[in-house]
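Following this line, the structures themselves.
Each of the next two complexes has subunit A plus one more chain, namely subunit B in the first and subunit C in the second.
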Partner chain A sequence: MEKQVSPKRIKVLLSKSRMDVHDRGVRYLARCMLESGMEVILSRHGLIDEVANAALQEDVDVIGISFSVGGHVAASERLRKLMQEKGIGDKLVIVGGIIPDDDIPALKKLDIDGIFGAGSSAAEAIEFINARVNA
Partner chain B sequence: MTPEEIAQRIVSGELPAAARLMRAIDDVQPEAVDALKLLFPHTGRARVIGITGSPGVGKSTLTDAVVTRLRKKKLTVGVVAVDPTSPFSGGAILGDRIRMQRHANDDDVFIRSLATRGHFGGLTCSTRGVVAVMDAMGKDVILVETVGVGQDEVDIARMADTTIIVTVPGMGDDVQAIKAGILEVGDIFVVNKMDRDGAGITAGHLKAMLSLTFHPHGTECDQVAQPWYPPVVSCCSLDGRGMDELLQAMDDHYEALTVDGGKLLTKRRIERAEKEILDLFQLRINQMFFARLGNGGRIEAVAKDVASMRIDPYTACEELMKSAKII
Partner chain C sequence: MFDKKTMEQVEELKRGFDAQMKKRYGDKPFDLKTDGGLPIKPVYGPEDVQDLDFKNIAYPGQYPFTRGIYPTMYQAQPWVMQQIHGHGTPEHCRERMDYLAQLGLTGYGEMRSYNLVFDQVCKFGYDPDNPENGDMVGLVGVNMSTLDDYDRLLNGLDLTKTSVVLNQGIHSMIALAFYIVYGEEQGVPKEKLRGNTMNWLFKGWMSDLEMYPPDSAFMIMSNFIRWCSRNIPKWNTTNIVSYFAEEAGGTPVQEAAMAMAISIELTKACIAAGLEPDEFLPRFGFQIALGMDIFEHVSKIRAMRRMWATINKERFGAKDKHSMQIRCHSQTSAVSLTAQQPYVNIIRSAYGALVGVLSGVNGMTINAYDEALGIPTDESLMLAIRTHQVALYETGVPNVTDPLAGSYYVESLTEKICQEAEKYLDKIEKLGGFKKCWETGWLREELANSSYEWRRRIDRGEKVVVGLNKHRSEVHRKTQIYKVDPEVKETCIQRIKEYRATRGKEKEREQALAALKVACQGVLDNHKADFMPALIDCARARSTVQEMCDVLKSIFGWGTVY
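Up next, the complex of A and B:
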């Protein structure tokens, strides 16, 4: 019989554009999140609109998008706008991959909660989520 | 938000309310039960179709192809897709949705991924509740895709109106096909990946197995005419071959369920309700047991005694039940 532990789980949607094949990082992160007890919905998207819909339907706590070929500022802006429209503006948004330092202020202005660019570790992202969700 | 408000919002089509209730059901929050009670009168309208089979046979891709066909008929669709939870960390990677991305911008398709969270049988404790919410949302058809299963995980048949068993060429011989278990609960059999070698042989084995079990006028053993003879459909989800036949088989089965005043459908729904009541009963007893025992610490202590041969496990169980005042 299962021992009774808290039935709650942190749910994360991790997505990356289908146009971008550099998905080793996001897969590694997904695996680390699994090992830390999170439920990860792994997805690929064409338009960022698909991510907003998936986050709505799955009722995740965190949306994580991996960018390796640019477009992160425009996509983040549209994602935040769609989330507001759909009534899910309360969810945490983190981005990672290749995010030039020059773009960080713009992303912060768009209410992107966590930015994990080149050199970040999976543990940092997981710690960040653990601290912010169910806090 | 009160349960009344939650139910009202879901019935009137507010997606975030529905998604949040599904989360509460999955997280076993007691308040979810109150909302489900109120939603119950709004359920029972959707056709629930189960899709099951071993890992890697193409359940998600087939589900995606079925959704596409159902949308062409202007039917609204709910999808529940189950993937396994890690037995070590309790975490999960849910990857079924990735095969269904082409429906991601269709507002009439609602896809929800669930992790098994330690539940056996191919589904999750929450699946029934999540299906009920989709039903109350007004979805015409709800597809439930199980976790990849082996031979014995037949929960889906106790929940769906129509159960589709998916297999592929090269999974086993004709003796595999006559064993007890999952093959007994199929209403429709799909040989997926029919472009591969041996698809015809696999379909032949399944047909031979079915001819032993089903007969239009009953078998020698029971002499009872079967109201439904499960068809074997060969498909290729990727290029769409066989999909028309599968959709036709789904409609034919629904017709067989509803013909004659819906006798067969009523029978199934009574069986389903019985299973649901028993499951809820078990869950409540379980919760009661652990609440009275205080979080499993006692069990660990007793387990040590059993492992070191100081006490036998049967007596240990009885003593735990006595201290939880169950016997």
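Up next, the complex of A and C:
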């Protein structure tokens, strides 16, 4: 008899700057992800370096950063660079929050996999992750 | 409220009305709720206010101030148009201050009023060159790190005719110390300065940001209030902000109850620091949300005025009427603004302004339409100011104080919100009061649940947000977004380095910072000392924001509660 292999539980690290209070969206997303069966670590960071370190330590499949007060392009660039250096460049990176349309091309160029700005639903982000991890 | 004969008449008419409704709709329930989830009926009548006690409503300017804190409101004095702003260097911010003045922004009487928001870096107590600041210099507030920055921001203004809101968040005591020294060096004694500090260290309960721990926070706040009450009695010390509770997901009932719970805890702390209620309560202000459900929010503000008056009089024995009057600053809802079709936000904020004027608030910030996307542009800021001005000069609403008084619906909803908020407050107190509920995270969880429900309702389409989950459109998707000058960070870093190299007063500063440490220890030792005089000495000795905050953090503790 063939052994049933259940798909690995997807592990997501969600983070937001510890100077940015606008956490309503990311907290909602975290809860929806949990309900959909994912494992979620919701954290705060000072420098984006902390996120890269945590992602490595926790061996996550997905990194999601919420930005509500700008600085997303510079932080994304540094995050991608650090991930390469740490050998976790293959992990999925998504960003969300207030991401102006004008910045989307720059983020795509930086290899940000998913961009979920204002108006995106939690379901869209979850679907996106499910389609890519364990695919 | 009505005599027997009138009520007999009412009952007869009501029977007719009920029969009519039944004929038209059968027994189908309407199942209506306010945005905050309170059940309401499609129609209200005299029977809904019959049992209300008129003493709880009274006239405007009469205890318990349900209808407003003064006998007349805008007929005598328009609300303060307090547009919150701040970005970049002090020069950028000053440019905006002058622009706002030119657009007709006014304060009380002859005063000009400026509501200044500092950047995250100074709010959290860092200097601009600290690598911990996460690139936030001047991004969503003005960077104000040294005494020189106060001169850059304020030079040429007559401080005796200027009222400033120093929103350096939990570190607004630092801003006040700088402001006092700046005034002193301009020849204006501290007693003549007018304005507000936030002093909202209780705000940590609703977030997982770094903060002073709850016990220290209440020691700091009450010690600050004690010093201000005794030394600059006209200064408005504290902003009991419940706006953030609403913005983080709280319902109007939760917002009202949480504001009262905070105020009660802080009042107790001030009494423990040796003050009488009438010495400090008149200098508490509130910042209340003007949400989208118009009548619910008007009723909430009326209920809050009544609750605060009652609590301070009955529980704390306040005698001065100013201790019972909520000076109410307010702000239109930001959480209801959408990034989609941003111009629609102009309409939302105008309705929010209507809530403010109908409620008789004393000050108002009307959010600019592009605030879901970034800090306002000159154009969006102008439209926000014009929204104030149209409400004031064209709508006729300000002519009559509390014009909704006597409305069957609004009076009954005011009573309902009062009762529900009292129940909720009771629950908080049974759980040990505000500080305990902050420590345990109970309050925060309550808000998270409300916020979750709110978003769930939107995602399921049960709650319609125009442009977000209904009537979506790509038209007007593009809006100009304000971009902060990219040079700001470099400029501020360069300036602070130069400042440290050239400021002099090394010896004085070393002594002042050491004395601050001792004073802070004294605060924790049952208020044996005041920290403000030491902080002012540090500002005189040209300390930077971070140098002072590092001392506070080392004594009072610093970190995340959750």
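Keep this in mind: the second predicted complex is superposed on the first by the 129 of 135 C-alpha atoms of A that agree within 3 Å, B and C clash if a C-alpha of one lies under 4 Å from a C-alpha of the other, contacts with A are read in each partner's own complex, and residues count from 1 in each chain.
Basically, contacts are C-beta pairs under 8 Å (C-beta built on N, C-alpha and C of every residue); 3 or more make two chains touch, one makes a residue touch a chain.
Bear in mind the structure is a predicted one, so any value in this text is a computation, not a measurement.
Q: On the A-aligned overlay, A:I41 touches which partner chain: subunit B = first, subunit C = second, or both, or neither?
A: first
Q: Once chain A of both complexes is superposed, is A:I88 in touch with subunit B (first), subunit C (second), both, or neither?
A: The first partner, subunit B, only.
Q: Quick one: classify A:S120 as touching subunit B (first), subunit C (second), both or neither.
A: After superposition on chain A, A:S120 lies in contact with neither partner.
Q: Going by the contact rule set out at the top, does A:N130 touch subunit B (first), subunit C (second), both, or neither?
A: After superposition on chain A, A:N130 lies in contact with neither partner.
Q: State whether A:N53 touches subunit B only (first), subunit C only (second), both chains, or neither.
A: first
Q: Now for A:R9: first (subunit B), second (subunit C), both, or neither, which partner does it touch?
A: Only subunit B; A:R9 stays clear of subunit C.
Q: Mind working out whether A:R24 is in touch with subunit B, subunit C, both or neither, as first, second, both or neither?
A: Second partner only.
Q: Which residues form the common part of the subunit A surface touched by subunit B and by subunit C?
A: 18, 31, 44-47
Q: Going by the contact rule at the top, pick out the subunit A residues touching subunit B in the complex.
A: 1-5, 7-9, 11, 18, 30-31, 33-47, 49-50, 53-54, 56-59, 86-88
Q: In their complex, what parts of subunit C are in touch with subunit A?
A: The touching residues are 120-121, 123-124, 131-136, 139-140, 207-210, 244, 247-249, 335, 338-340, 372-374, 448, 451-452, 455, 459, 468, 477-478, 481, 484, 560.
Q: Given the complex with subunit C, which residues does subunit A contribute to the contact?
A: 17-21, 23-24, 27-28, 31, 44-48, 69-71, 74-75, 98, 100-102, 117-119, 121-123
Q: What residues on subunit B touch subunit A, complex-wise?
A: 14-16, 19-20, 22-23, 27-28, 85-86, 88-95, 97-98, 101, 104-105, 110-113, 115, 117-118, 286, 290, 295-296, 299
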